[in-house]
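Each of the next two complexes has subunit A plus one more chain, namely subunit B in the first and subunit C in the second.
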Partner chain A sequence: MADTETHPDVEAQQQSQEPELDRGFFEAYAAKMISNPDRAYRMAFYVATFFFLVTTLFPFYWLAMIAISGDNVADVGIFTPATPVELGAFIEIFTQLPFHRFVFNSFLIATVATVIVLFVASLAGYVFGRLRFRGKQPLLLLVLVTSFFPPAAFFVPLNRLFNTNVDVLRPIMQDGSLYNTPYAIFLPLSALFLPLSIFILMTFYSQIPEGLEDAARIEGTTRLGALFRVIVPLSAPGVATAGVLTFISVYNEYFFSSLMTDGRAENWAPMLEGVLGFRGQFAVDYHLMAAASIVAVLPVAILVVVAQEKIVSGLTAGAVKE
Partner chain B sequence: MASVTLESVTKRYEDVTAVDNMNLDINDGEFLTLVGPSGCGKSTTMEMIAGLTKASEGDVYIGGRNVTNLPPKDRGISMVFQNIALFPHMDVYDNISFGLRLRKYDQDEVERRVQEAADVVQLKGMMDRMPKEMSGGQRQRVAIARAIVRDPGVFLMDEPLANLDAELKVHMRTQLQRLHRELDTTIVYVTHDQAQAMTMSDRIAVINGGVLQQVAPPLECYNEPKNKFVAGFIGSPAMNFFHGTVTDDGFDSKYMGMQFDPAAHGVEPGQDVILGVRPEDVHLDYKKEDADDPSRTYSVVTDVLEPMGDEVFAYLLFDRDVEAGAEGRGEGQILISLEPDTVVGEEEDIEIVFDRENVHLFDAESTEAITHSIQKRAESGTAD
Partner chain C sequence: MASETPPGESETRLLMRPLNRLEMLSEQAYAYVLLLPAAILLGLIAFYPLVRTFTFSLRADDVFGADPFGQFIGVDNYVELLSGQALIPNQFIDPAMNEPLLRQALIVTVLFAVLSVFFETLIGFGQALILNQDFRGRRWVRVSIIIPWAVPVVIQAMIFWLMFNPTIGWGTDFMQWLGVFGDNPLANTSNSFIIVLVADIWKTAAFMALLILAGLQSVDRSLYEVARVSGASPWQRFKMITMPIVLPALLVAMLFRTMDAMRIYGLIDASTGCEQVPTLTCLVITSFNARRWASASAVAFLTALVIGIMVLFYIWQFRKTEGGAM
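== the complex of A and B ==
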């Protein structure tokens, strides 16, 4: 580095060997990343993943810490629970309120809504994805437009409707109205989450080769039979995606579910109503709410793990000779 | 086993007529091939027989029963598709037994029939394989097994060999013929490949532009084509055509003429006609004894030679100044097939004769065939 004629930077760049500079750890790392951009990308990926995991999982971790801390919420540290650790909250939530009933309500409503949505969206997705008919585009646009409406816009008319006593329903419902029944929840929710599933399934169904449907019809199914025996099984990843999305949305739904019931477990109040039920007039049992939240997550977590199998398995590989 | 009848069947899409007033009788046990260029309506015709598409007009009968308004499952047919269309989420056994299980056959019967069908197409020991684990030929055999297992009255095949490689194609061709002999079922076969149509069928139905051109045994379509389209479509390489007019004593066009008695062939002097001759019905002058009825000699120049091994295709020009057609054969050009041992080079003068026995005449306006061989003028006695 003795030559004073050339700029030291230029000279440094011309050297094939890394000059033996006394660099700190970060400086050295940065130098390596400049010479090898892949390192930088990998680093960026790890950093992003780390932040994503922390922001999603840390609240859950904290929830667990609060749940096992008993009444002393004030003593909960950032990473440690308050001492002594008490696991009683996980039992108390079922004794103080019938929390299992709240979870069951939401679970049942979500299951029914998912089944309805998948069935109706399958039919609609088949029609939009595979048939050609006049007025298809306007109809599709209409479905899209309805899905843009804020759900609250539907609330007042629906609430009036479900609170009306209808004589026809009298033999089935106690007082002839749908208020305080699961119907009042899954009917509007199914309708609200339908457009998304229609679009997902339409895309999947339209990609199943026409020959397979023809083959099924020749072999002895009707069009509907071909849909449910061939097209739906082959679109399993799409059906699983639509199903999981619908289930999670309905399971977590609070707005409609709380307003269509009076908040009591035996009147089909949803899971979130149960979580909030541990908030009394004078005290808030944070540890119970935390424990209830963790319990409430379990059904969805299990469902996603199970459905994951379907979502990742590429069933359509090698479906038809190219 | 069943016959198939199409009665003035028409299929119209919004602004196109895919199939126009088709009348077709397919006999019980017959192997009939629908053949024609791409987009001619042959696949639409088959879809209407299958019931996958509904005819706009006309009726379809299978086994004497009017099935025009029946769904495919009630028509007593089965089908093999061009893209094979095996259900990818089912193994071979489930694929073959799909139709039987839908029809609620009992377990033992299903097993017995699947076993039988698998034997016919030699699929033993592959029952639990998935379609994606099999080769193209194996998949095609599964598709055929799936079609024959229900013992259908009519067996529809929509270009089943189109996606197979050349060697397998020839092999499957013989397999299908053997299958037809064993099953003795009516087979309707769709292809654009006239070689498949010629080799396998009892009769072929040539379709062009949605209109049925000719229904006849393969050799009849070859030797006595009903019109210029059939003449050009059947046979490879295609027939040579010369546009010209009838004169008082024969045919005359820009580059060639031929003498015959117009009256004896039902043409009038001045009429515009097309003369057609197949490449194999043109011979070199010194081999004129190969022709049943050699014409006079024509002097031509060889242009391009295509040795195929068993024969040589020679593109000839009537004149050194003739431009070779950019697309297809031009008027002054003629393609002939020569024996492989013929010694001839490119751009050489040679002499050829036509076999008048196999010269076809078509009306230029209607393209209908007028005659399939040209007789010597009775009274003249001299070779023209």
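== the complex of A and C ==
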């Protein structure tokens, strides 16, 4: 610091423009902030931004450090991996457990649930957004109330229902019950996330001008045709929003996903059982857990980067509608 | 466009005969028909189970029977739960807290909900204020703030479990250095509670941030100019302009988050375990796993009731501030 060319005091004097005071760098900066408050707010802004970026992103960085630490994972530091760095964990997760199958199960469940939700919520959103009928407000309130109930309040009867052997289902399922099938997960989750999509689509559908629908009807489309050929395509951003939010929510869900299968990949257990599977009864493969977490988080991370506008508008539309 | 009938129209009409019936319906009837799929889905998965949960909760536990539900005993399950006599699995009993189990779970859950929503609102407000600025790289800052929100619950739990794991985590050392934690925080009730709280705040502050941001962006910018000209300080501008406009959005966001926090389960189950942080939903699952299905139903129904009461309280507050926006 103590450079012979420019003495720190001289520098500080030049900066602070208060030659009679002897100030260091921080004091000079503070003096400027007092004389110019906007500078203080800008400084606070940078500090806060930096703080939030570190707190949200650092856990992922550390997860990556664990994943590449290999067998010496116990030596992992806060900022550095243990040596030697090994990338084998990213292959081992697919050989030690069929992690790809778990992720596939999750994708299948999330996709089917999204399709169901979009279809059912399109019909309901159209009704609530565009039609006038008696009982609209109470029914809307009922949908809202459903989204408030805790999943636990549905769990015991649903578990019993899905464990009941029904002869009708025997040709499709081995023992005629829905437990250990994707149905036991995507049916409850479709219902659970349906209200949010109804609210989002209702908002978007109600914004399509009346005239467009009337024109389509005069052209000879059926009522349903007008809905699916005019209103839904025109509300494509809304449909995409509802779809992205539903997909992420179902993929991320824990409660039903962990309780409706026995946790084996071949029994349609979703991704979470795969991640927890590396936390065995006797040994814990930390680096494999971290690698599996990174692999499983990638799809949603990409979805967030690609569809962040949709997510933001969807979350706010869903809440503001209430 | 001309409205001539395309050549294939009449055949299509015949094939679509079931759909033609829809054309004849009144708007009222048509609305009900279109609501049918939603009604079936919600009825089968939500309303029917809710009613069944209530009827189950009025029966006795039959742990060893073929049917886990014994005879009808009325509200005895609720009385036992609330007065502390219930024989729910004992693993929740914390030597330090000689409270009845349900009251323990209720306290833990409500405390968790209140604290997490409070801190999430604070942090979310901070994040929203930053995202409300115009600066280069705003898009990427927003992505990195949203990403924790989009992380699967199990991975959120994993991150914090690893962080406070005695073998590899640095979180324990750090907290011990601050003088807050003991040796193995994941096996200690109060330390685990803090871990779960921090993990929840980490993940869901972004949700608050986005909703508050929506409120912030609905503020008319020219109001700030007027205030600036009349000499209001930034703090005064925030208090007199920003707050009143954001408040309704903030209340809605807090309502959503409170209900969500009240049903916390996955994060706890996958990180510290239900023994350390016994919330209401945890209690449902542990009772269920012990084949005390009737008690589990009673706890579940009580959870729904508690959440229902909180929702009513919020809506009442909201009505007061907004003059009825529903």
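Keep this in mind: the second predicted complex is superposed on the first by the 248 of 322 C-alpha atoms of A that agree within 3 Å, B and C clash if a C-alpha of one lies under 4 Å from a C-alpha of the other, contacts with A are read in each partner's own complex, and residues count from 1 in each chain.
Operating definition for what follows: contacts are C-beta pairs under 8 Å (C-beta built on N, C-alpha and C of every residue); 3 or more make two chains touch, one makes a residue touch a chain.
Here the structure is a predicted model, which is why all the values come from computation and not from measurement.
*Asks:* Counting only touches as set out at the top, which of subunit B and subunit C does A:Gly220 meet: first, second, both, neither?
*Replies:* In the superposition, A:Gly220 touches subunit B and subunit C alike.
*Asks:* Now for A:Leu97: first (subunit B), second (subunit C), both, or neither, which partner does it touch?
*Replies:* Once the two structures are laid over each other on A, A:Leu97 reaches no partner at all.
*Asks:* If you stack the two complexes on chain A, which partner ends up touching A:Val300: first (subunit B), second (subunit C), both, or neither?
*Replies:* Touch status of A:Val300: second partner only.
*Asks:* Of subunit B and subunit C, which one touches more residues of subunit A?
*Replies:* Subunit A has more residues touched by C than by the other partner.
*Asks:* Please indicate which partner A:Leu158 is in contact with in the superposed arrangement: first for subunit B, second for subunit C, both, or neither.
*Replies:* So A:Leu158 only meets subunit C here.
*Asks:* According to the stated criteria, A:Pro209 is in contact with first (subunit B), second (subunit C), both, or neither; which is it?
*Replies:* first
*Asks:* Could you tell me if A:Thr56 is touching subunit B, subunit C, both of them or neither one (first, second, both, neither)?
*Replies:* A:Thr56 sits against subunit C, while subunit B stays out of touch.
*Asks:* Residues on subunit A in contact with subunit B in one complex and with subunit C in the other?
*Replies:* 218-220, 222, 315-316, 319-320
*Asks:* Please give the residue numbers of subunit A that touch subunit B in the complex, ascending.
*Replies:* Interface residues on subunit A, with respect to subunit B: 209, 211-212, 214-222, 225, 230, 233-234, 315-321.
*Asks:* Along subunit B, where are the residues that touch subunit A in the complex?
*Replies:* Residues of subunit B touching subunit A: 50-52, 71-73, 77-79, 81-89, 98-99, 102-103, 131-132, 136, 139, 146, 150, 163.
*Asks:* With touch defined as at the start, can you tell me which subunit A residues reach subunit C in the complex?
*Replies:* Residues of subunit A touching subunit C: 37, 41, 45, 48-49, 52-53, 55-57, 59-60, 62-63, 66, 73-74, 76-78, 116, 119-121, 123-124, 126-127, 131-134, 136, 139, 141, 143, 145-146, 148-161, 187-188, 190-192, 194, 198, 218-220, 222-224, 248, 251-255, 258-259, 271-272, 275-276, 284, 286, 289-290, 293, 296-297, 300-301, 303-305, 308, 311-312, 315-316, 319-320, 322.
*Asks:* Inside the complex, what are the residues of subunit C that reach subunit A?
*Replies:* Interface residues on subunit C, with respect to subunit A: 1, 3, 5, 9, 16, 19-20, 22-23, 27-28, 30-32, 34-35, 37-38, 41-42, 44-50, 52-53, 56, 126-127, 129-130, 133, 139, 141-148, 150-155, 158-159, 162-163, 165, 167-168, 170, 202, 206-207, 210-211, 213-214, 234, 249, 252-253, 255-256, 259, 262-263, 265-267, 269-270, 280-281, 284-285, 288, 293, 296-297, 299-301, 303-304, 307-308, 311, 326.
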